[in-house]
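Chains here go by letter, A, B, C and D, matching the order in which they are written, and residues are numbered from 1 within each.
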Amino acid sequence: MALNHTANGVYTIAATPFLPDGTLDLVSVDRLTDFYLGTGVSGMTILGIMGEANKLEPEESLQITRQVVDRADVPVIVGVSAPGLAAMRSLARNAMDLGAAGVMIAPPPSLRTDDQIITYYAQAVEAVGEDVPFVIQDYPLTLTVVMTPGVIRTIVNNHPSCVMLKHEDWPGLEKISRLRAFQKANEMRAISILCGNGGLFLDFETERGADGAMTGYAFPDMLVDVVKLQQAGERDAAHDLFDAHLPLMRYEQQQGVGLAVRKYVLAKRGVIASDAQRKPGSAITATAKGEIDYLLSRVARFDKRAAL
Amino acid sequence: MALNHTANGVYTIAATPFLPDGTLDLVSVDRLTDFYLGTGVSGMTILGIMGEANKLEPEESLQITRQVVDRADVPVIVGVSAPGLAAMRSLARNAMDLGAAGVMIAPPPSLRTDDQIITYYAQAVEAVGEDVPFVIQDYPLTLTVVMTPGVIRTIVNNHPSCVMLKHEDWPGLEKISRLRAFQKANEMRAISILCGNGGLFLDFETERGADGAMTGYAFPDMLVDVVKLQQAGERDAAHDLFDAHLPLMRYEQQQGVGLAVRKYVLAKRGVIASDAQRKPGSAITATAKGEIDYLLSRVARFDKRAAL
Amino acid sequence: MALNHTANGVYTIAATPFLPDGTLDLVSVDRLTDFYLGTGVSGMTILGIMGEANKLEPEESLQITRQVVDRADVPVIVGVSAPGLAAMRSLARNAMDLGAAGVMIAPPPSLRTDDQIITYYAQAVEAVGEDVPFVIQDYPLTLTVVMTPGVIRTIVNNHPSCVMLKHEDWPGLEKISRLRAFQKANEMRAISILCGNGGLFLDFETERGADGAMTGYAFPDMLVDVVKLQQAGERDAAHDLFDAHLPLMRYEQQQGVGLAVRKYVLAKRGVIASDAQRKPGSAITATAKGEIDYLLSRVARFDKRAAL
Amino acid sequence: MALNHTANGVYTIAATPFLPDGTLDLVSVDRLTDFYLGTGVSGMTILGIMGEANKLEPEESLQITRQVVDRADVPVIVGVSAPGLAAMRSLARNAMDLGAAGVMIAPPPSLRTDDQIITYYAQAVEAVGEDVPFVIQDYPLTLTVVMTPGVIRTIVNNHPSCVMLKHEDWPGLEKISRLRAFQKANEMRAISILCGNGGLFLDFETERGADGAMTGYAFPDMLVDVVKLQQAGERDAAHDLFDAHLPLMRYEQQQGVGLAVRKYVLAKRGVIASDAQRKPGSAITATAKGEIDYLLSRVARFDKRAAL
């Protein structure tokens, strides 16, 4: 089940469940996987930033990969970004051996010039192997690396194994339009574009030509519906559903505390046993929980799934 | 009409109107001022980042200050952030002489440690004069300077002329709670807290203890209403109104293109003659304009002021 | 005396003399100008970072420009970098009217991609006018903007008024070689390359094809001699002189305190009345002064000019 | 042989030898270890930034640690900085089990405020264990994290296992004086201070109270001599030796290409079989090699060890 450029729909960014003492909660890994599958996602992305990947021991990363890949009947993408290419290579090879569909690679924050970015992806492809389908993660807000549409085009054209862009530039609507224009003009190979940034612009990103979402909002079922409604041409309905969730999505997309919000809601939905993060993690106050509960009650007026 | 810590409500961040050829549109300055006053704002802030302050000649800055201060019957805050203290001092003194109520000072992006930030504000206060009421602008997303609540407390306590915080840390709800707790414990003098960040969290910021908003969303009338509803204890009504605007607010809060969106809407509302920015400025495509029009039509279902 | 691509030798970065109370020391401006001219410099650069340009009022900047241009019989370059293009334009036009030979433009720190840098210089050229010769300042350590040789080539080729590169990338020897190779291959117009970074690599930069130095080391006479010796093919003699000064040059090139060191030495040489900086400035301790005195005494064993 | 605050002299930052094909050169690891020991170093630091640590697989890191610790009769410090605490913990525990004397911990580049830095070290100490002696790496130029003397004092006082500061702030002489003043005033526990930054200020750092150097300059024998001469009060002799090497030290301290220079010299000295770096690495041109050869020949006029 290798990843390719036709991927679309929602690839959920999977949280990593921990017990309150910080150990991996492997039971919840299964339950969470089942939950995601039940929401209708087209794929899963594990070991990303929101998956607390950098807090895991290498063996734990492989354990989670094995467990999710074995259980899921959808493509699983594994985040393999690492400070060094050796660690990236070994995680990528191991993940592919375990059955992953592809890997996601973010640029290291030190990159500045167009050439540096293009060269880095060439080195990364050499490291993980040209046979491994990969996703470019374009996330300037966190990574401080800015890729122009032209740079992305070069990377795509240089590497047949580049099949997807995780688009989370901000603002980014024009970037999607530019990339799709490149394709239309036969200047760039076709790729799948899935959007991140907590889904905050998914309503218009799909209209601009994105194939769907790759984010971890605690209601992936809503994201799935929005993408489907847009694909079916039901613009108003898509926006109605999206807008009902937007106040909560915005609250969950806060840098730093966002993961705590997301895990709180996932725990409320009953899919993870604890909202604990492995250290160092962020916590939310009782006041914040009250705000989330209030937001959920408001979403629930429109979408019953939020009545928790 | 000196600014003090009791300030509350909405201090709108004023746009600066230009004609398509880049010259100042002084006629629209008056019309825009009248428009803001008509929306019920408690004050105005001019020459901020969104006011394209750094594109103005010194004489132009004074011309705008003079015109707005003379026309407005509410306090006017002037942004005086500058790479050097000499320029800051002369703009501040001139603005106060013209009748400004106070000045706003952002930290230069090079500051890192707590001591550096505290020292900088001491130098700035010495430069502009201890008699000039000032606002701390706390905007890490753009300025890259991170102020802890403790650092803000020190600045407030060191300088009686510090009367307000423009709060646009993100996330920032807990910061407001921390600062208000300092006040309650008599560890910090009382200050006014007005919130920026495009108003994206105003619904909860007011619940956390903020006194209102200081942002430039193209519907300041809505911001005024939300603050009033919250002050009147009408939580649900405040959120209902806020949520109706949130899809558009989010669209307007995009880094870089946000000002173009704002000016487009202000022009549609008839308060500025042109949505032109002085170079270098951002422009929005026809597709983007279509998206804004669609968002306006959706907001208008709830709030007739958006029916343009 | 317009600046052009044949410029070579040493363009000293001029300090700006202040009295201990922070006012401009106009008497020392003349004395300092005479001193620089006496050291054999080919030109002067005023109002740069080390000239405390951002602490000056606009009128002060013009006063210094007028005074130096009138007195100097060598080309004077004026630093016009500013947060906004309007301020840059007015300073540039005024400086040229007063007789400056050209202007120096640094990129604002927010620029990231190749396109952003190229576009910025196009906007700056439009602002100051295509008739104004300008210098690109390439200083990533302080400005965080990284320009590849290819980007510099594009800017040079796009703008005939670009006649010089102030090269202070670090490391930068290969960059000089690359740019000179572009010229040799007729891929880039000829430009003058003068090197900054406190002169720390001037010994090899000249061997790589640089035309000289643009820096403010307190012994410009030594820089002049090193460039002349290299141009005369006396490699060993050039390195001998350079190496004798290197311990002091290194000490002076410390970020933040470097200017205090430089002014201390210039005051010891009798060319400025006070080593004061306008606020906010850095100061050096008695221990540091003792270290500088010791270094001067060591340099003086080889170069009598350091016997102060 | 646990590390403690009395450590002094030179702790060399060890290079990691690779064969031209990128595999670890374990034979050269032994030879390099013997070479360092022969130069009179007091200790060794492995797996630092200059040791290409982030390009190694976890097992390779342990292999090198085992080999060096077993062979060396001096304390070995292991760099354990990692994006996540789990990886840091496992490397630290494994290294200590193998006989390391302590670990070195750099702050992640995202830290900004004093509190964030202090908190991070508390989390790191909890992760590696309070029984593991550790070194703070204070390297703002590369890490972008700025620690005030007061922050370092807090970390030292909070954690008895903090026994050393690797000081490579720039400029940093006053910082050393401040920290030693804290100690003298009994405000901070005694720690060892060893200096990095390629040794570029070692001549004065030792005079300010530093206990020696922790850097990887290709002539650790010279660093050892300079520290000894300073400890013996032979100031002029120390500076004479230091100054003779400074032109080469400066050349080796270039960001990015510095390691290539260092490995080139080490290979010339016959202690590593190849100057290869594991990908992605930097290479130096024939012109650069000529420049290094020239510098070596000049150093050799004073110090025969450079006659290669």
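Basically, contacts are C-beta pairs under 8 Å (C-beta built on N, C-alpha and C of every residue); 3 or more make two chains touch, one makes a residue touch a chain.
For clarity, every value in this text was computed on a predicted model and none was experimentally measured.
Engineer: Going by the touch criterion stated earlier, list every chain that contacts chain A and also contacts chain B.
Structural biologist: C, D
Engineer: If each hop has to land on a touching chain, what is the smallest number of hops from chain B to chain D?
Structural biologist: So the least number of steps between the two chains is 1.
Engineer: Where centres are the averaged C-alpha coordinates, which chain has the largest centre distance to chain A?
Structural biologist: C
Engineer: Which integer distance in Å separates the CA centroid of chain B from that of chain C?
Structural biologist: Roughly 38 Å separates the two chain centres.
Engineer: On a C-alpha centroid basis, what's the spacing between chain C and chain D, in Å?
Structural biologist: Computed from C-alpha means, the inter-chain centre distance equals 33 Å.
Engineer: Let me have the rounded angstrom distance from the C-alpha centre of chain A over to the C-alpha centre of chain C, please.
Structural biologist: The computed centroid separation for chain A versus chain C comes out at 47 Å.
Engineer: Where in chain A do residues touch two or more other chains at once?
Structural biologist: None at all.
Engineer: So in the complex, the part of chain D that touches chain A is made up of which residues?
Structural biologist: Touch list, chain D to chain A: 53-58, 60, 82-87, 90, 109, 119-120, 123, 126-127, 278-280.
Engineer: Which residues of chain B touch chain D in their complex?
Structural biologist: The contact residues of chain B facing chain D are 112-116, 145-148, 150-151.
Engineer: Tell me, which parts of chain B touch chain A in their complex?
Structural biologist: For chain B paired with chain A, touching residues are 170-171, 173-174, 177, 200-201, 203-204, 207-208, 239, 242-243, 246-247, 250-251, 254-258, 285, 287-288, 291, 298.
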